[in-house]
Structure formats: structure tokens, C-alpha cells
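See structure below.
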Amino acid sequence: MGGVNNAIRDSVLFTTAESVINWSRKSALWPETFGIACCAIEMISAGCARYDLDRFGVVFRPSPRQSDVMIIAGTVTRKFAPVVRRLYDQMPEPRWVIAMGTCAISGGVYNTYAVVQGAETFVPVDVHVPGCPPRPEALMHGFLLLQEKIKKSRALAGTPLGRVAAS
Amino acid sequence: MSVETPLIRTTITERFGEAIDDLGFAHGVHAFAAPPDMIVELCRFLKEHPALRFNFLSDICGVDHYPEMPRYETVYHLYSLPNKLRVRIKCRLADPPRVPSVTGIWRTANWHEREAWDMYGIRFEGHPDLRRIYMWEGFEGFPQRKDFPLRGYKDKLNPFGAEGTPPTQPDLATKNIP
Amino acid sequence: MEFLPVLFMVAGVVLVTGATLFVSSLLRPSNPYPEKNMPYECGMDPAGDAAGGRFRVQFFVLAILLVVFDVETMFLFPWAVVLKDIGLVGYVEMFVFIVLLLVGFAYAWLKGALEWEA
């Protein structure tokens, strides 16, 4: 049964469709402007003139309903974690998360009672960008890694057509 | 910083005498020690005296001197906008710490006292709305006390915390925040 | 018969939008769950009067008045086109119609339906 599934799913129709869909998704990654702490400044400067993010198709959107990727930039405290989770929940699929900075990856230098030790404990993270704060070029590298990840992923994974192909 | 001037000391000693100790001129600010039951009277006097007029409450801090007794202390920093004078009032408190609230004198004391309550457990009597301001609803314990571990206590979301349970406070009133 | 192109255009529009929506419903992921469907309020639970279902009734009243008077305006358009053919009688008839609706408008105004506060 597995062999038959892959034969349909790997046929030229679906792989071409997936490569086109993946290309369109990775070329227009719209992040939700979600800067919490100091990493937000580096995110802002990455989006500004010198380290331009707009050339990758990255346009910052004010609302989670219109965005593809959430950049968690800064220290997430335990009081704020439910808000971050709710904003992640309100993003439509397909959605990705970039954890920017060591505080978002693992709590950073703050191993205290009030800081969540890593955003990965409550949202699934796709790309970690280390640094305190990471340079704008590092954030750009993170976006390029996310684009590679999207290129290799299955675009029709949760869709009705994908379910038809997999059944 | 204010200029070293005997004005504050003379006005306080002439009104309160020996009840208020003079702690000297440390770090550019005159400091005085007051017992907790005289705090409100002293603050109102400092605010309304025509030569002093300390109408700006800069800060209310809580301090925990753990092995020493009396354990807690509240420190009030006052500034006089018309006369450009600063003064520091320290008030040692026993355990459990209770002190009358100065929200009737300066409205800004509301949030400063909420911070001292949240971090140290210093209860301000007469405060209109004493509830936590930094920590989340349902948090148990007072984080800035010397016996509270820096990493917090181990629970579901804090795998690196210290073992044990936080000290629960039965009168931890957190109202429904709309 | 001279309106056949309009029919073709309407059919074409319906067909194109239907096909587009159908194809994208096949190609998009669908994963609704309660937190995703909640109204966006910067990550918090919705607060305030509108969140509890308490809407201001003035919105509803204005919407009803809009429907009535908009339909009246809609009737004015074909009347204006054929005014020359129906002559004076048709002219006066429309004014009778407008006066009937004006009575309703005056009632709404004097009863305070157009007040925004309370």
C-alpha cells in the first residue's frame, strides 16, 4: 500500500504542483511584526534600508491573520506566553515560526522564575537564529534557511487534494 | 542629588523630635529612618510644609535583609519640584511586614506599593487595590525575597526550577482583571 | 434578446469565480479550531461590550432605514428612464410614492431613530 501511495504522490502532476506552490510560498513570506524585546530592534533594522528584507518578498504585516511566519524576537516571559500562543493560533496555515535570539530559543541568560526557557515549549519552531541579538545578516540567513525548508516540504500536506493523493 | 542643607533636618527634628533618626547624607541624598506607624504623618508633613513641599514621590522600594532582623524595609524617595530637594525615608518592618499606605498623599504610590507587595509581600494597609502587578495571576510566592530561588520552583512549565513548593499565601487577592 | 451578452457575462463571472474557489479549496490546508476562530484582539481574550454580544442597537436601526430608502432610490432609476413616456401622470405618481415614504422618514426622525447616543 505504501508503494502505491508514493507512486501517485510522486507523479509529475503532484510534484510539479508542489514545486510551484512551494516556490510561491517561499518567495512571499509575510511575517507578523512581533518584536518583544531587544531582538526587535535588530529585526527592524533588518527590514530597513541597509539590510533590506523586502528583496526576499518579506513584508511585515500588522495582523496574524495576514501573515505566514511569526518571528519571536525577544524574551518571552511566562506572563506573556499565552498571548504569543494565541497569536500563533490565529495565524492561518501554512505557518512557520522563527525563534530569533537566544531568549526565544532557550531563555537566553535568564534562567529565572519569570522567563520561559525557550519558545519551543509552547509553539513549534522551524528555524532558530542564535545571537544576542543576532545581526541582521543572521536573520536574513534564517529566512533563507526557512525558504530552503519550505522548498523541501510537501505543499499539499493537509489539503483535500493531498488526502486524495495519499489515500 | 540635592545640595547638603540643614533645612530638612531642622524642620523634621523641630516637628518630630527624636522619633525620626537622621541617617546622614549618603550618596548625595539626606536619609531619615521612621517607624512604620509614623510614616503617613511624616510624609504628609513633608508634602505640606511650605519650606519643603515634597510633592513628587519618586519611588517606593522594598528591601529584604534576610538574616538580619527586622527583616523588611520600605524606602521612600521624595523630591520637591518647587525647591529641588531630595530626601530618602527608610522604614524597617518586622515579619510579616505591614505598613500604612501613602496612597492618600501621593496617588502614584498605588503602583509602587503594588510592586512592593508583589515582590516582597509587604502589605500596605489602606491600599485601595493591592494585587499583583508584575507576576501573572495565580503565581504563588514573593520572588524578590532572599529565600525565593532565582530559577523559581519546578512546575510543569519550569523544568529547571528548584525542588519544593512555593510558599502559598491564603490572602493572595487577585481580582478579575477585565 | 439584446440582453443576451449580459447573460453570457454573468454566466462567465459565476463560472470563473466558482472554478477558482473550487480549485483553491482543493489546494489549501483547512484546519479550523476554536482558538484560531476567535476574533483577533492582540492575543488576549476579547473584552468589552461587543465581545459579550452586546452590540449597539443603533447600528441595526440605521441598517434597516438604509435598506428601505435605498430600495426607494432604486425605484427612482427606472422611473427616470421612462419618465418621458409616462408623462405627467407618471411624474405625479412617483411623488405620491415619495410622500408615503417621507411620512415614514418623518416618523423615524421625530421618534429619535436617528440619534446616535442612547
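Labels for the chains are A, B and C, by order of writing; each one numbers its residues from 1.
Please note the rule applied: a residue touches a chain if its C-beta (ideal position, glycine included) is under 8 Å from a C-beta of that chain, and two chains touch if they have at least 3 such contacts.
Here is each chain with its UniProt name: A = NADH-quinone oxidoreductase subunit B; B = NADH-quinone oxidoreductase subunit C.
The structure displayed is predicted, hence computed values, not measured ones.
Q: Tell me, please, which chain's centre (mean of its C-alpha atoms) is farthest from the centre of subunit A?
A: Centre of mass proxy via C-alpha means gives B as farthest from subunit A.
Q: Find the most central chain, measuring centrality by the gap between its CA centroid and the centroid of all protein CA atoms shown.
A: It is chain A that sits nearest the middle.
Q: With chain centres taken as the means of their Cα atoms, state the distance from subunit A to subunit C in Å.
A: Spacing between the chain centres: roughly 40 Å.
Q: Which integer distance in Å separates the CA centroid of subunit A from that of subunit B?
A: Whole-Å distance between the two chain centres: 44.
Q: Please compute the C-alpha centroid of subunit B, do the same for subunit C, then give the distance between them in whole Å.
A: 60
Q: With touch defined as at the start, can you tell me which subunit C residues reach subunit A in the complex?
A: 25-31, 33, 35-36, 38, 40, 42-44
Q: Across the complex, what residues on subunit B touch subunit A?
A: The touching residues are 134-136, 143, 148-153, 157-161.
Q: Over in the complex, which subunit A residues touch subunit C? Could you list them?
A: 17, 21, 63-65, 82-84, 86-87, 89-90, 92-94, 156-161
Q: In the complex of these two chains, what residues of subunit A are touching subunit B?
A: For this pair, the touching residues of subunit A are 78-79, 81, 111-114, 116-117, 121.
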